[in-house]
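Letters are used for the chains, namely A, B, C, D and E, taken in the order the chains are written, and counting of residues starts over at 1 for each.
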Amino acid sequence: MEQIIQTLILGLALGGVFALMGSGLSLVFGVMRIVNLAHPSLIIAGAYATYWAFKLWGIDPLVMLPVAAIILAAIGVLLYKLVFEREARSAKYSEMTVLLTFATAMIVEGALGGMFTNTQRVTSPSYATDAIFIGNIFIPTGQLYAGIVSLLIISALALFLKYSRFGNAIRATTQNREAAELLGVNVNLVCIMSFAIGIGLAGAAGSLVSFVFSFFPAKHWEWVAVLMSLVVLGGMGSILGTVIASFMLCVVAAFVGAYVGATWSTMTFFLALFLILLIRPQGLFGEKPELA
Amino acid sequence: MMSVVSETLTGDAASSVLEARRAHNEKLAAKSDKARAIWFPIALLLLLLALPALQVIGNFNYVLHLVLFTACYVTMASGWNILGGFTGYISLGHNVFFAIGGYFAGMILARYGISTILMAPFAGLLCAAVGYLIGRVTLKTRGPSFIISSLALVMIARILFDHWKFVGGANGVALPANDLSVEWAKLPYYYAFVVLAAFSVWLSYKIKHSKFGLGLRAISKDEIKAESAGIDTRTYKVLAFAISGALVGMAGAIWGEYLTYIRPNIFLIILVSVNMVLMCILGGKGTIAGPVIGAIMIIAFNELFVATLGASEINILATGLLMVIVLLFFPQGIVGTLAKHHKLPRILNWD
Amino acid sequence: MLEIKGLCKYFGGIKAVDDCNFGVERGSITALIGPNGAGKTTAFNCISRTAMPTKGSVWLDGERIDKLRPHQITQRGLSRTFQISRNLADMTVLENVICQSRIGGWRDLMKPAMSSDEIDKAMGILDFLGITRIAYEDGSNLSYGQKKLMDLAALLMSDPKIILLDEPAGGVNPTLLEEIVGHIRKLNDQGLTVLIVEHNMELIMRLSHRIVVMAQGRVIANGAPAEIRENPAVLDAYLGGVLEEAV
Amino acid sequence: FSQDGPIKIGASLPLTGSFSIAGQKHQQGYELCVDLINERGGILGREVELIVSDNRSDPATAINQYERFLNVDGVEAVYGTFSSRLSFPVANILARNGMVHALPAGGALRIYEQGHDNIFYFQPNAAEYVGASLAGVVRDLVPAEEAPKTVAIISADDFFANGVWSGLMGEIVTDPADGSEVADLSPGYLAELGLEVVYSERWPEEGFNDWLNLANQVRQTEPDLIIGLTASAEEAVQLTRAFDTVRATPQMVYFSQGTQAEYLEGTGDSAQGVLVHTSWHSDAPFQSLLAGSEFSNQDFVGAYEAAYGSPPDEDSAIPFAVCQGIEQAMVGAGTTDNAAMGDWLDARTKEDAVRTILGRFSWDDRGLPVEKPFLMTQWNDGELQFIYPTDEFEGVSAMSYPKGSF
Amino acid sequence: MPELLDVSSLTAGYGDGPAILDGAHLTVQPGKVHCIIGPNGAGKSTLLKAICGMLKIRKGDVKFKGESLKGLRPDQILRKGICFVPQERALFPKMTVRENLRMGGYSLADKSGLERAIDEIEERFPILRERRDQHAGTMSGGQQQTLAMARTLIVKPDIVMLDEPSLGLAPKIVQEMFDIMKVMASEGITILLVEQNALMGLKNADWGVVLDLGRTLFEGPAAEVMADPRIQELYLGGKKAA
């Protein structure tokens, strides 16, 4: 029994981190129809920012989080201007951006590798390897803090998108760019802003990741497929779906890891993805496709 | 107020606009009629078939290796093109077929000593069957979800192969090398790949100009419309998936023996599928010559980089940059974009 | 020929089509009319199976077709147009039209994409609809009306037994409309059955043999044009005071 | 072969991709060695030119590059590449071309069982025999009454780690190609020591993140000895941190990776007492030969620090030794003809060995070194100390035991 | 009477394709209903798109209140007071009806008035109130058209350009739609509409324009356009001419 609770806790703890990593991806897809394969690589960029701040000046990763978010948001603006703006009007936008973001991921990886080498890094604030023990059961504090912070950020964001005027403009632009323009929305600005927010989330996630996992520039390939499974499972573009999917899958993976074998725990994500495609292609919270 | 009749309906005005319109249409029509240069790929093929004669005067293994390597990727990229280019389903998981083909033929070689070149067609059939089954599931999704499902496919295959003790798990299997002398050792694979590449180009051509191909193109544009136009979209796309998987599988079969070593990590890394995609995009998705040109360019580019820059992270950076630049400036690939602007040299028009 | 029995389609709480029954006789032109949101398009979707009916059944020539897939229905001779035209971008109008196909079997798949017979036939249809000049135009670069015409052309390409037209006249120039009406008549004379949704009452009254009126997902009237014109329920629900003017 | 101009030597290394860190350090090792040789007048009176290219950790590229070295660049010798997975296919190509294949890394027994006679391994031994040093430490350094009784063994599903696992657990190594037996390692080092395996688990090569869960599983079985066979130093960092978090308290911890400075940086105090084996240690007083003159291990450390500004680790030392080996073979054979070089290397014995900064090398028929144990090191007070074997040289530190908490 | 909008010898097209509009001209007077008719593919929609900034003007000029609109973005042109409802119903399919209406008022400076305006509209079109939380994309064709039309009423611009407002609407609603237009015109809003339901359109308009092959062929009071036998024959179905 104790072990079951312990495994559950570990699964949930990991889920919190993945939730934030996945939700930025989900957001950018949801509002902009961009499948941002570069997202994980930008998370790593955020992690590096946090790492150096910690190493050079001893700044706590959680304090660094907003700064990393802002830095990455700025990079997002730059990226958008350089890479995505031209394509924004194309009918093949969604498909094109998959490839563009893929290429971006390689650029980010190459640039990070050039600057910081491929050595794996991790920040070590004291709470990163600490745990709260309740009897024999423990809650890892690093992941606990990360989970709480990530849920806070996600909720704030979801509310902003749903209820603010700007949030509405973002969604409107995604759905019908021309119409939004005809109603007076400066669509280009909207696109830049929402991209910046999405990438900013990657920066924030990077800060959390920096003390939960170790990272190096090429690490993002490991995450891409996992994060994507979360997003698809949750239903493309649904942030709530992504969050729930992360918790669900991480818990399942934890149990698989504990009771079936560590090798199979990573498999959980991909198998779940296939099962969901088999029985419910639109994911948990996605919209049903037109043709059944 | 007087009725302002600004211009009467004399024929002139009307016909001049009509004229412009017609000229425009004729230009479009001309594009599709322009005699394509079939002779060029055939000449190229003949040249390549004769190339190994060089071995008589010296050791040109490296040249053969490059051609062979390119031909391998031409096969794979053309295969990918049938699904990704014609049908519009971007798969980042086609290296799964590469692996299945490689392992199937490789294990038969290791256990029974039958050359993979003979087994390649069977590897193709196996991959087609697997592709059919997988396609039934993953092709239910569309667009981004499909892309991601294809990524997941690679991960699953990777984990399965990594733990399949019979095929050596993550450590892989070393295959016996043939016992030809250094100069001639590459020849069987060389010819196998060149023929395979020619076959896949020919097959894509055939498909593109068939009812099946038209149906695939319709699917890539609007599946609901295609379905209600009487096209059995599900079967069509699964079939396209199977065919493209078969081509990639055949390439994988021979590749394993050529490397004398099979291991999940050779086949199931993202770079392999990215290369396929990148080649098609660079050359021109949905065109016949596109994957060929893409393959040549990417491999030449890689060689150039390794030779000049030596190596570093700049490799990755440069590949990424190249990809971005191509996508931004040649969104339809080199062949596609040139054709759109009516600047495609005749020798590259194989469609 | 076409029989709709107890057809229902619910979207959550919205009953778009609610226990709908009507038939289309072979060789007739039947009109389906009703106020906006009555469920006409949804009924079409259920018949051609682009949407899954919640309940009920659809029969074509005595065969139940609501479990078939859309292309199978098309291959059985039932074709439809969409209210908001769907077209295949990056393909010429000609290809768009020729795509509408009835492929016999496996062997057909490898036949040339566009045989010269097919091109001739397609050009004939385009010519008839007056859009030959856009034959090589990209299917997505058309004006609204041209798209509707292209849809119609594609429909005729597959020699269907019965066609379902969803507002074919919307956005089509009156002059051309006259010709289309004439052509539909002619096809009908040759034995083609037509089910048509239209808001152009004048056209409906002239063209149809039978009118089915829907409102809020149900059939509220079903009869010859003359009867429908007199039916107070219809007048109230749909036509308002416009009827006299229109006819 | 051209007999004038520099001697060209090619090395294809994984400078990018998953092995990039090790690959780059290998490049430094090769380059340093070649530079030093050239400073001392080259080989056979000729300058040496090193050509390095990046194979991106990809076997096909690696083959391609060795092919190019031979066909296009006209190299007279090659240095091996890094890792077993790249060495497997490269071994075939080099054998076919009759080149001497000196491997810096490629510990899988199977590579040497393929029957190539041109292959020479420049590390203490194949992975399967790494466990011997751990066994030695437990047997020789721990008092019998305090010796660990139970062991938890966890491993990455990696070529090298799997090899070590086979040795420790006493598995039969087979060739999956035809199912034939390569070696029977039973009963295995753990069984020999009388240790009871209370927990064993492998994690996948890529994409594994659930360290805490794994560490918790280990903790639950309360093992005296924890063996972690990681694929990289980074995984060792992750494991150490996870054990720290779950507050595991073993008496002894052994990792197969973790001698690098990065390990210490990532783990800090938790590294205290962790044992790691290595092929090379800066304190080992090996005397070697470079360009005909004596060159000690300390000279190497000094030269490396002067060149790169940081202390070397084994990933640079091993390739350095490879380079020394090829140099001595050329000089010994008096030619750059690879057949002659191969014969010369084959003829080495324990007494008349190739002398490198890793010590003396002579090889058996398979190409594996004869009688070369691995060294065992331990992290103590933020320093990697060399603790075993105790009888070979001076300067061996005492082992701290038990480890206790992380 | 001063001209509110003046389009002179306008040339425009899509991308780098051929010129679709080739010398079209148009004058628009305040407070009147203008109806453009013409066969399919004549360039009517293209003309409206060029005016509102969705297409680049290649030659000629569009002047609004004497000021050139050349080179402005659609959102800038909207703020100047020209509102456009395209033929392909510019709705946001995955936003609710209410959110769509709210987006209609996006350009308004006065946020407080927005809710009131929406209430008013819901009053007028009960279906929109009823379906307030339905996604716009799932509404029936006619309902979508109603929503698109209704949304322009929020902005209260100087000119409303409507591309086939009667498309897909039931006869009863069509009449209502034209009535609303008249009310708007009487409130001083200028209306420019394109209609294929040409008779209906002209009947309800003050001014008629015939566009074909990218050029303006006739321009005149609606009644006169309607009465012209040649126009009847070519563009109005030729019923009365025959």
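Throughout what follows, contacts are C-beta pairs under 8 Å (C-beta built on N, C-alpha and C of every residue); 3 or more make two chains touch, one makes a residue touch a chain.
What you see is a predicted model; the values in this text were computed from it and never measured.
Note on connectivity: the fewest chain-to-chain touch steps from chain C to chain D number 2. Simply put, of A-B and B-C, more C-beta pairs touch at A-B.
Set against the Cα centre of chain B, the chain with the most distant centre is E. Rounded to a whole number, the gap between the C-alpha centres of chain A and chain D is 37 angstrom. Inter-chain spacing, taken between the CA centroids of chain B and chain D, is 40 Å. Per-chain Cα centroids separate chain B from chain E by 47 Å.
Chain A and chain E have Cα centroids lying 43 Å from one another.
Across the assembly, chain C contributes 50, 70, 89, 134 as residues in contact with two or more other chains.
Chain D has residues 16, 157, 204, 206-207 in contact with two or more other chains. Counting partner chains per residue, chain B has residues 18, 21, 155, 159, 162-163, 224, 227, 312-313, 315-316 touching two or more of them. Residue ranges on chain C touching chain B, taken from their complex, read 48, 50, 69-72, 74-75, 79-80, 82, 86-92, 95, 98-103, 108-114, 133-137, 139, 154, 158. Those residues of chain A that touch chain B in the shared complex are 29, 35, 83, 86-87, 90, 92, 94-96, 98-100, 102-114, 118, 217, 221, 224-225, 228-229, 231-232, 236, 263-264, 266-267, 269-271, 273-274, 277-278, 281, 283, 289-291. Contacts from chain B toward chain A in the complex involve residues 88, 90, 137-138, 140-145, 147-149, 151-156, 159, 162-163, 223-224, 227, 270, 274, 277, 281, 312-324, 327-328, 331. Of all the residues in chain B, the ones that touch chain D in their complex are 59-63, 65-66, 69, 110-111, 155, 158-159, 162-163, 165-177, 182, 185, 255, 259-261, 263, 265-266, 269, 271, 302, 306-307, 310-313, 315-316. For chain D in complex with chain B, the touching residues are 13, 15-16, 52-54, 56, 58-61, 63-65, 67-68, 70-72, 84-85, 88-89, 92, 95-97, 108, 110-111, 114, 157-159, 162, 175-178, 204-207.
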